[in-house]
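Below you'll find the structure, written out as structure tokens, and then a few comments.
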Amino acid sequence: MEKNFILAGFGGQGILLAGTILANSFMLGGKNVTWYPCYGAEMRGGTVNCEVVVSDTEVSSVHKQDADFALVLNQQSFDKFVQRVKAGGTIIANATLVALSKPRDDIKYVFAKMGDIANAIGSSKVTNMVSLGVLADVCDIVSREYLAKAVELVLGEKKKQFLPLNLKALEAGCSALV
Amino acid sequence: MSSEKVLIKGNYAIAQAAINAGCQCYFGYPITPQTEIGEYLSAEMPKLGRGYVSAESELAAINMVVGAAATGAKVMTSSSSCAVALMQEALSYACSDEVPVVVVNVMRAGPGLGYVYPAQGDYNQAVYGGGNGDYKIIVLAPATVQECIDYTYKAFYLARKYRNPVILLADGLLGQMMEPACFGENPYPEVDVSSWALTGAKGRDGKAIYSCARDEKAHIQKIHDLFKKFEIITENETSYEEFETEDAEIILTAFGSMTRNIKAAIRVLREKGVKAGGFRPITLSPFPTKRISELAADGKDFVVVEMNMGQMFKDVKYAVEGKSNVSLVNRPCGEWLSVEEIVSSVEKILNKKEGAYASCI
Amino acid sequence: MQAVFSTPKSMKEDFKFTFCPGCDHGIAVRLVAELIDELNLKENTICSTCVGCSVFLYDFLNIDCVEAPHGRACASATGVKRTNPEKFVFTYQGDGDFASIGFAESMHTAIRGENISAICINNTTFGMTGGQLGPTTLMGQVTTTSPFGRNKEYYGYPVKIAEQIALCDGTAFSARVALDTIPHINQAKQALKKAFEVQLKGLGFGFVEILSSCPTNWHMTPEEAHEWVKNSMIPEFPLGTFKDLTEVGVNK
Amino acid sequence: MGLIKVNNSRCKSCYICVNTCPKGLIKKSNKTNRLGDYLVEFDDKNNECVACAMCAKRCPDLAIEVYK
Amino acid sequence: MQAVFSTPKSMKEDFKFTFCPGCDHGIAVRLVAELIDELNLKENTICSTCVGCSVFLYDFLNIDCVEAPHGRACASATGVKRTNPEKFVFTYQGDGDFASIGFAESMHTAIRGENISAICINNTTFGMTGGQLGPTTLMGQVTTTSPFGRNKEYYGYPVKIAEQIALCDGTAFSARVALDTIPHINQAKQALKKAFEVQLKGLGFGFVEILSSCPTNWHMTPEEAHEWVKNSMIPEFPLGTFKDLTEVGVNK
Amino acid sequence: MSSEKVLIKGNYAIAQAAINAGCQCYFGYPITPQTEIGEYLSAEMPKLGRGYVSAESELAAINMVVGAAATGAKVMTSSSSCAVALMQEALSYACSDEVPVVVVNVMRAGPGLGYVYPAQGDYNQAVYGGGNGDYKIIVLAPATVQECIDYTYKAFYLARKYRNPVILLADGLLGQMMEPACFGENPYPEVDVSSWALTGAKGRDGKAIYSCARDEKAHIQKIHDLFKKFEIITENETSYEEFETEDAEIILTAFGSMTRNIKAAIRVLREKGVKAGGFRPITLSPFPTKRISELAADGKDFVVVEMNMGQMFKDVKYAVEGKSNVSLVNRPCGEWLSVEEIVSSVEKILNKKEGAYASCI
Amino acid sequence: MGLIKVNNSRCKSCYICVNTCPKGLIKKSNKTNRLGDYLVEFDDKNNECVACAMCAKRCPDLAIEVYK
Amino acid sequence: MEKNFILAGFGGQGILLAGTILANSFMLGGKNVTWYPCYGAEMRGGTVNCEVVVSDTEVSSVHKQDADFALVLNQQSFDKFVQRVKAGGTIIANATLVALSKPRDDIKYVFAKMGDIANAIGSSKVTNMVSLGVLADVCDIVSREYLAKAVELVLGEKKKQFLPLNLKALEAGCSALV
């Protein structure tokens, strides 16, 4: 089993952090995992994305041409990565910023107003956490429990005060599709 | 913490491993994709009362490293590709000086500026040098973040054990990716450097570390001695990884983080009924020429998979000496060759049995 | 009878200078050796040597030395000092080494306020390679690569090393001295002493530029060469101390 | 009152000392060094040397020792 | 209606700055383009570009450009000028490029009195690589490689580029300007003009150091960044002309 | 004068040939044993109204050369061994920039300072670079003073014809010796550089010369194009000299001024009844791999004779691919291998038929 | 009497112009650029703009043209 | 036919010039010839020597381990190079500075007071020219005529005023042994 996830959005949406937490959750679950960032061809501005690959054996490539899951937080990322989801794969989009559209027939679509949910909880800054919750809901191999532990691990002592809000956002994401 | 797994970036792994190995001072100048090594150390070294120097250039940094190493200090610098090119003169000196220098090269693309496209184009730069004269550097190529740690430990050890510069040749992928890894303890013993290190001429005559014997005969002897030393290094330290070579008809060969891709490709090929195996030099210098030669003598063909125009390919072919076919699957830089690309290229090669010619994708 | 002048103890017993007859390098090396004796530094010193006529310094001085590639002595010394802060560390370089190929390293060592002492022998030429135009060659001076004399169109102007170094905030001491007369030799020793002392006090970079003769490449007798130092070099490269923070310490 | 000793294996016959000694006590000799150049000799018949050491201070090859 | 302010003609038609929002690099490039227009230089100019945030200058300015490796723009420009003395040749560099890795090349180009103009953007950091400590980082300033602030023990002191260049005998003009206010922008343009004119008159090396903001790596808004230029940079790096031989010519 | 023979030093021959080839400006920094090139040009260039720059370093010099070459100017620098090591970054850029740079390396010893002991230790430095990434330089190795002239002309021509850096790899022996030689006329036509040279954007848009395409795909294409260009160079310009190979059983191989020694050794060996022949690569890069391979396929053994630790030896062995034996007769630096030493080493090799192993004298 | 035109494809939403215009005639709009940042708009209902061009001179992206 | 000559003396004796003239004389005679200087291991002072190799075919090595002829102008050079003359070869020494001695039996010795002859002509500076004359007298393949032409060629226009003295010295050398 080897699955890869592309997480994408614009700078400031906490994409790299979300990817780090996802990767940590896999590590805590005892899997092999890699995380790899991409800043795109342009050096400044534009979208940011990272790729997380989880595997039972050693990860084969850390940066693949297509993805099993794409988690996209803005329109540009949707437009770009919808093309790179494998046939049969899933794209999970932040409907707050992404228009509902289904340009391909061979993949699954999940739309959730992650930004709105985050705002409702208290800050659009935790949209990324909401999105991870949605991902856990959609994707079997992503574990809510390990995600929560990973959030704690990554925030660490220094940012402990943000833990409750982040966990709440994660939680909210997990039940967003209900 | 040391025996726990942590998810960590290759660059930070190298930096922390250097600290664990006892690195006393870091000298460096920023360049993507390895700047985080210096950034990490600028934060950590002062806490430990150790040294950090923002050098004005890589040329300065490597010469600082050589000066410090001459006193027996554990020191390192790190950089990338075009900037490592600026270190060639000093590396040639360091080999001749026999000082234990550790250089990390987290490769980006070339030639020239190369931006930050991932690549493995500095194989020749590391293995054949580019400084003047005859000298050899030990080159270690890690494939995973764990190995970034392991071989950083090893780099410091080998450098001191043999009084020879060591290059840790990583790539941008490895530097930038995170992966779970475990620091453990630096497994290597301390090396006694007191016989040669400069410490001030206390209770003895002054001694000097320099590159060139003053008399022709002595200099010739010195070079022969250096090469004899490297024969011992070759004997003791040549290191490689083999997977499923025993029954293999075709052996995929890669170095550095391309290793993971060939491993997966071998699995796929095996599933498809192809008797594929893998061979991965860990020390690019000394190169496992002998082992490759043995495998070739067994009639096994080779496919070299690398992110450059066939630099290691040439050394594999040299080792094979016409005993079997050697092919190349490569891209000069950019998107890493995917498992699928590798598999389909190998299949093409098998069909044509063309051997010994490059099949650049 | 008692010796009133003899070979400094920190010279190698069987040293044999490879300098040309009458070359001031020998005097500069002696002054360094005397100070190492006087300040009792021999057992605690590491020198980064250079490539130039003084390349074999390690055969003359009975101290530990590491050879730096041409121009990199200050970088090398930085490496030595940062890993051995308790050691006395100095460089001994030619002006080509210090101010031509190695100017970035030299300036930045001063800028960083590296606690080392650097000595630069200014003889207006590349001595070792046979007298080519260097960074300090005077206007009009004929060298093997300025056969019609230094002119601004082709070669530009000589560099004022001690002044440039003095301008760096990390410099605690910078002076220019000469060796053409005994009073100048005495002053040179005093300047070297200060450059050594700022290091010992941890005040920053100590630097001395020494105007020095190169009879061989100037095609002069040693005495003519000293006259030329006096009449041609000193007017262009004024002697003096351009910065001295011995008392107050580096300014920030 | 003074006395100098010239170390012939160090002396390179630059003659700076000859020109430096204020009393003119150092002269070219007719002994040659290994390059064929004439060495210098101390010639102080009248004990004029005051051990000022000026010769030694200007000798670039540390070839002169001065005694008093 | 008539345009009273529009894009200089020597900008590429479809240029798109790769600078961050609010970065002063853009203003500096515009001033250069305006001067190229005003002095009618577009068809006669060759620029040696650098490696840094302005690496893509050749995509912005509609002139001939050759890319130099990091730090070597002045050397590259020397090559261009010596073989094309009738061309207008300039460099546009970051302070890391000009005064850290390339300091020897920069200083010696000034020392040689090379008839070129050089522009150095001083933003106290290595912008392109993400904000590390550079040769001009202020004392106490936090960067990614001075996380506890610049202190003299580890890092030494910032370099005064314009003053060092002014001290070189081949320099005909050296000034430091800023871009934080409109008057300063106007002064900057005047200084650049002089640096260009000394070249056109064949007087020697023309140099302008431009204090410039880097909101991204300073973690400030563009306005905060300009305040910081005013309150922190200018006191340390005083604005002014340190050498101006526009009238008299180089001094020898 | 041009068709008359004159007794001239290799260094001066190179310098005067550069003038005859139209070199517009020289940029250099002194280093023995080639300082005379700069000294000669400092006297002659001003008389011709051409340029001479005393660069502050070799690093500066090569970047000046690259800048000047980007404007289509004919320019050069010269240096030696340890100092050429400082040019590696710029040479990598220059290859990618496709600017016609000419670099003369009059080799001294290495590694490190190397003093001025004669040597041929920079074969790898010239042929494999040491800059970053994939690039190839044209390397010409003259054997006589006459060839110093001929190949200096050729270096300027090839550099411009192919927009590729060229290294003229001479050695201290050649630089310092005098020999009768004839300048003749520069036999090569002018190359039109107007399509790419920077001349100021007169009546056209500005254009730029840079090393790295801004988009990954374009950069990959650029590298492939550079390598395709080098294939054409290999096709057209690979150059070597063969003597008495036809019936030879053993072929002595050398480059540069060692060629004269193997020629004489072949005469002696022939007299002794040994069927010896000679092969001498003139272009070290592109290397005459194909021709060596053909000779090896004919069953001819090789003895590589060189003043280094076996640098060209490896390329010969690579070309031979196990088809015949390859031996090495070498010394790392100093006294050139004498005809007698070569002859007796070859005889030893013939007796033992050991092949493929180094027999370092 | 004055008028400015903002080139939206160049504007990077640094808002220097907003803070610079002495009459406060430039404002954040609610249109976004391709990075999702809000562009600026010229809002001069009372024809206050005197074409001083201060906004343009401080715009680092050459996004403003000024007419009179 | 390939013969080599070592010329040696101390700096200032004009050794390199003598070698150059000898080499030129061979070139003028239509031979292949090389000239190669050696400055010894020490950089400054000490002896200077150069080696001239003349050959009917291309010269095989420009710097050989032994010599057919050694022309030595001072004692140190005699001591050093007497060991490097081939068996059957000849050493030609400046008896003004070299003590008469014959340390080996297998070579020929020629001693001539070249310095005295030069002084007699007007200057010890032309000892080198005298020595070439002696060499021409001793060695068949060295031609007086081509030597004279070579002196003219090497001195050239600029140093034409020294030509008569040098030719006179050469002439004197040629008949020194009579």
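Order of writing sets the chain letters: A, B, C, D, E, F, G and H. Residues in each chain are counted from 1.
By our rule, a contact is a pair of C-beta atoms (placed from the backbone, for glycine too) under 8 Å apart; a residue touches a chain by one contact, two chains touch by 3 or more.
Everything numeric here is computed off the predicted structure, so don't read it as measured data.
Student: Determine the set of chains touching chain C that also touch chain E.
Tutor: Touching chain C and chain E alike, sorted by label: B, F.
Student: With a step meaning a move to a chain it touches, how many steps does the shortest path from chain B to chain G take?
Tutor: Tracing touching chains, the least step count from chain B to chain G comes to 2.
Student: If you average the Cα atoms per chain, which one ends up farthest from chain B?
Tutor: D
Student: Roughly how far is chain B from chain C, centre to centre by C-alpha average, rounded to an integer in Å?
Tutor: 39
Student: Based only on mean CA positions, could you tell me how far chain C sits from chain D in angstrom?
Tutor: Result: the chain centres lie 27 Å from each other.
Student: State, to the nearest whole Å, the distance from the C-alpha centre of chain D to the C-alpha centre of chain G.
Tutor: 85
Student: Do you know which chain G residues sit against two or more other chains?
Tutor: 12, in rising order.
Student: Note the residues in chain F that touch 2 or more other chains, in rising order.
Tutor: Touching at least two other chains: 53, 56-57, 59, 82-83, 89, 93, 97, 112-113, 210-211, 214, 216, 335.
Student: Provide the list of chain E residues touching at least two other chains, using ranges where the numbers run on.
Tutor: 19-21, 67, 69, 100-101, 103-105, 108, 111-112, 135, 155
Student: What part of chain E is in contact with chain C in the complex they form?
Tutor: Residues 100-105, 107-108, 111-114, 135, 139, 152, 155-160, 163-164, 167-170, 250, 252 of chain E touch chain C in their complex.
Student: Which residues of chain E touch chain B in their complex?
Tutor: 51, 55, 67, 69-71, 100-101, 103, 126, 129-130, 132-133, 135, 144-148, 154-155
Student: Across the complex, what residues on chain F touch chain E?
Tutor: Residues in contact with chain E: 24-25, 27, 51, 53, 55-57, 59-61, 63-71, 73, 75, 89-90, 93, 97, 198-203, 205-211, 214.
Student: Can you list the chain C residues touching chain D in their complex?
Tutor: Per the touch definition, chain C meets chain D at residues 1-7, 11, 16-17, 19-27, 30, 182, 185, 215, 221-223.
Student: Going by the contact rule at the top, pick out the chain B residues touching chain F in the complex.
Tutor: Counting only chain B, the residues touching chain F are 59, 81-86, 88-89, 92-93, 95-97, 107-115, 117, 119, 121-122, 124-125, 128-135, 210-212, 214, 216-217, 219-220, 223-224, 226-227, 308-309, 311, 314, 317-318, 321-323, 331-335, 360.
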